[in-house]
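In the two complexes below, chain A is the common chain; its partner is chain B in one and chain C in the other.
On to the complex of A and B.
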């Protein structure tokens, strides 16, 4: 479905008075298959967020290409057509910051429905309410704004908004970081259940190997801009052989 | 909202009472004996007995609390006493000078609105670009430049070397253009920097990233989403400056020979006319407090989410 073909990203940085290229992402290729679940794991600065932003078209790659069903979409977020925008969705780390503070819960969830699906008002409301129910959000929050919700509730609104247009891939960029363990587990279970109900590929971009092991079938371990190991582990942590991957596994709680 | 407005109005009355007490005390502790000042206005050679007669006639021998309430009642009914500086009732002076200052301040704020929004939006759209750098330096200069120097420079440039305007006050709106621009420059500069900063901090928020992912255009994100969220600080600044401008217009008024409340207030201070000074201070403070209230109410109207978050 989505393919990264020898994608790389480098920036010119000044060190000791001389310009040097800093490779945020070294040439990397991988495929995301329909309905599968992946994780991109690495410490801060490993290049995983840069890579996810390139996948979503937020950053243009220095070299290489991003293909959606064989068509290039690299660096085209602002010019992307509705059809492509509906297929790829993203859930970001800070739930409060990810929701426009002026928007109510209803507006936030309805925005992609209104702009991408163009449903009549009645149907739009039905869909918003059913999504809220599915995300275990009470209807009384319909007219609340992001600042009036808890961290877990904000995250549920972000997920409801992401699934509203039935995307084919959702990228979760540190999407459950900062939540307490109980809320995090609850949201991850909800995501698992959602994937059983409506087939959709997941890509978890996280520093937390625990989350990656729990959610992803295939884990890509990133270090210094490079994918150092890919393991289709399905929860089996003994399959990791790279020392950096072993270090991440050993740091799990 | 209605409860909030009522609460704020009650608070406003309390603040204004406090201001009126301080203004009245200013007359008391100024060292000028009002009875003597009034007696000497009629004739310079007055005896102590004549001063005491004036004191008795005007009730200035009454306890301070009684005199405060009489003064306050006078202010509320449009009688702020006589000015020893102009030998006229203070209220008549204010009727002449206040509209001049209000026109000057109103025009200054118009400059701010006219330029702050488009310039900040252009800078925030291309941060780090040439325009952004140029504006950054110009606004820094604008904040640091003293208004009296800027006023003189504008007069030299546009009234002496290129005589588009007159050095002496001109009738109509033309006479206010240079003074209002002079008064506006520091606020405009600060306003541009604040709005630009506010817009750029919105640009780093995740909802903007989400909108980009969703395929919204840069223009749509900037105007429809970032700008409304970035407005509260500039509205607060704008309303606070309204009070500062009225209080601080004296320098610009004297550079451009405008007879506004600023120059009147300075004249009254130099002439030790505490009655007029107290009335002016009360008016400036009232405008200041009302402008702050207006800023809060506008923010609550356009950003209701801020209110609920504060309440939480």
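On to the complex of A and C.
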């Protein structure tokens, strides 16, 4: 479905008065299959978020290509295609800052519907209400602003936005970090249930091996802009052989 | 926010001063007891009376009527200036933030060039070339200050464009134009209004300052700066003739400044809660 072909991203940075190339993502290739669940695990600064934004067509790669069903979507202009934008959605790390502070919950969830589906008002409202019910958000929050919701509720609004347009792939960028363990478990279970109801590929971008093991069938371990190991583990920790992967596994709670 | 404005004494004092000047400007013909332009040399320097509530000036004109009409001149110039500056500043500032790249750099360089020229130099040059007139003074102030507005709006818009919810909007399928109109503009509007309200005060002071120097308005116009200038000759004999227009300028400028500052405190307080 989605394929990264030797994508890389580098920035020019000034170090001690000299311009040098900083490689955020080194040449990397991988495939995301329809309906499968993946994780991209690595410490902060390993290039996970950069890679996920390249996959989404939000950031142009320095080299390489991103293919959606064989067609290139590398670069910012690809997302101008409504069809591409609707197929690839992303849930950002911080629920509060990912939502416009002026928007009500209704407007936040309706935004992708208005931009990408262009439904009549009545249908739009029906869809927003049904998404809120599915995300276990009370209708009384419909006219609240993001700042008036709890962290877990904000996250659920973000997920509702992402699933509103029935995408084929959702990337969760540190989607449950910063939430307490009970809320975190609840949201992860909700995501599992959602995937059973409406088949969709998931890519969890996280520093937390726990989350990756719980949610993903295939885990890509990323270090210093490079994927150092990929394992289809389905919860089996013993399959990791790279020392960095072993370190991440050993740091699990 | 309206409730917080109503609870702030500073904002309410500012609003009251703004309201007084606005009402005076709008209802001037019904408020004034005399024609502000009628010269009567036999009536000059009259003490306050029921006919002339604040007495008369050096040419026998009713001081109170001239002060009330002065509000029309000050606001009549300051508000169009603000509207024009708002349109230019918001359009160019947001376009810089949205388009970026070469366009942003070119606009930034051009505004830096305009900022380098003191307002007085630009106004003196334009009035010198095109002559006196309200349109020319409005135009010259717009030319000398548009760059400040553009730079301010650009700074706020660029800051807003870097926020995560803008990335969220892009993911939700919003293009740059939609992002500017639906997200950036509404979110920078409070900061813009604060800047604009203090900008009105500064525009009123600038217009009065130029009139004081004899730039912009025809001689004898009942404009506060011009009245102040004309009353200079009678500083020792009738200092009240300087005091009245001076107080009007002070009160109007203070009104907009107080309101703008209170608005900033209210919004700043709100964002940290």
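By our rule, the second predicted complex is superposed on the first by the 250 of 253 C-alpha atoms of A that agree within 3 Å, B and C clash if a C-alpha of one lies under 4 Å from a C-alpha of the other, contacts with A are read in each partner's own complex, and residues count from 1 in each chain.
Keep this in mind: a contact is a pair of C-beta atoms (placed from the backbone, for glycine too) under 8 Å apart; a residue touches a chain by one contact, two chains touch by 3 or more.
Just so it is clear, the model here is predicted, and its values are computed rather than measured.
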| item | value |
| --- | --- |
| Simultaneous placement of chain C and chain B on chain A, clash or fit | clash |
| A:245 touches, of chain B and chain C: first, second, both or neither? | neither |
| Partner chain in contact with A:218 - chain B first, chain C second, else both or neither | neither |
| Partner chain(s) touched by A:92 [first = chain B, second = chain C, both, neither] | both |
| Touching partner for A:145 - first (chain B), second (chain C), both, neither | first |
| Which of chain B and chain C A:50 touches, first, second, both or neither | neither |
| Shared chain A surface residues [contacts with chain B and with chain C] | 56, 58, 79-80, 82, 85, 89-90, 92-94, 97-102, 111-112, 115-116 |
| Chain A-facing residues of chain B, complex | 205-207, 209-218, 225, 228-229, 303-306, 308-309, 312 |
| Chain A residues touching chain B - in the complex, by the definition given at the top | 56-58, 77-82, 84-85, 88-90, 92-94, 97-102, 111-112, 115-116, 145-148 |
| Sites on chain A touched by chain C in the complex | 56, 58, 79-80, 82, 85-86, 89-90, 92-94, 97-102, 111-112, 115-116, 158, 161-162, 165 |
| Residues of chain C that touch chain A when the two form their complex | 163-165, 167-175, 178, 183, 186-187 |
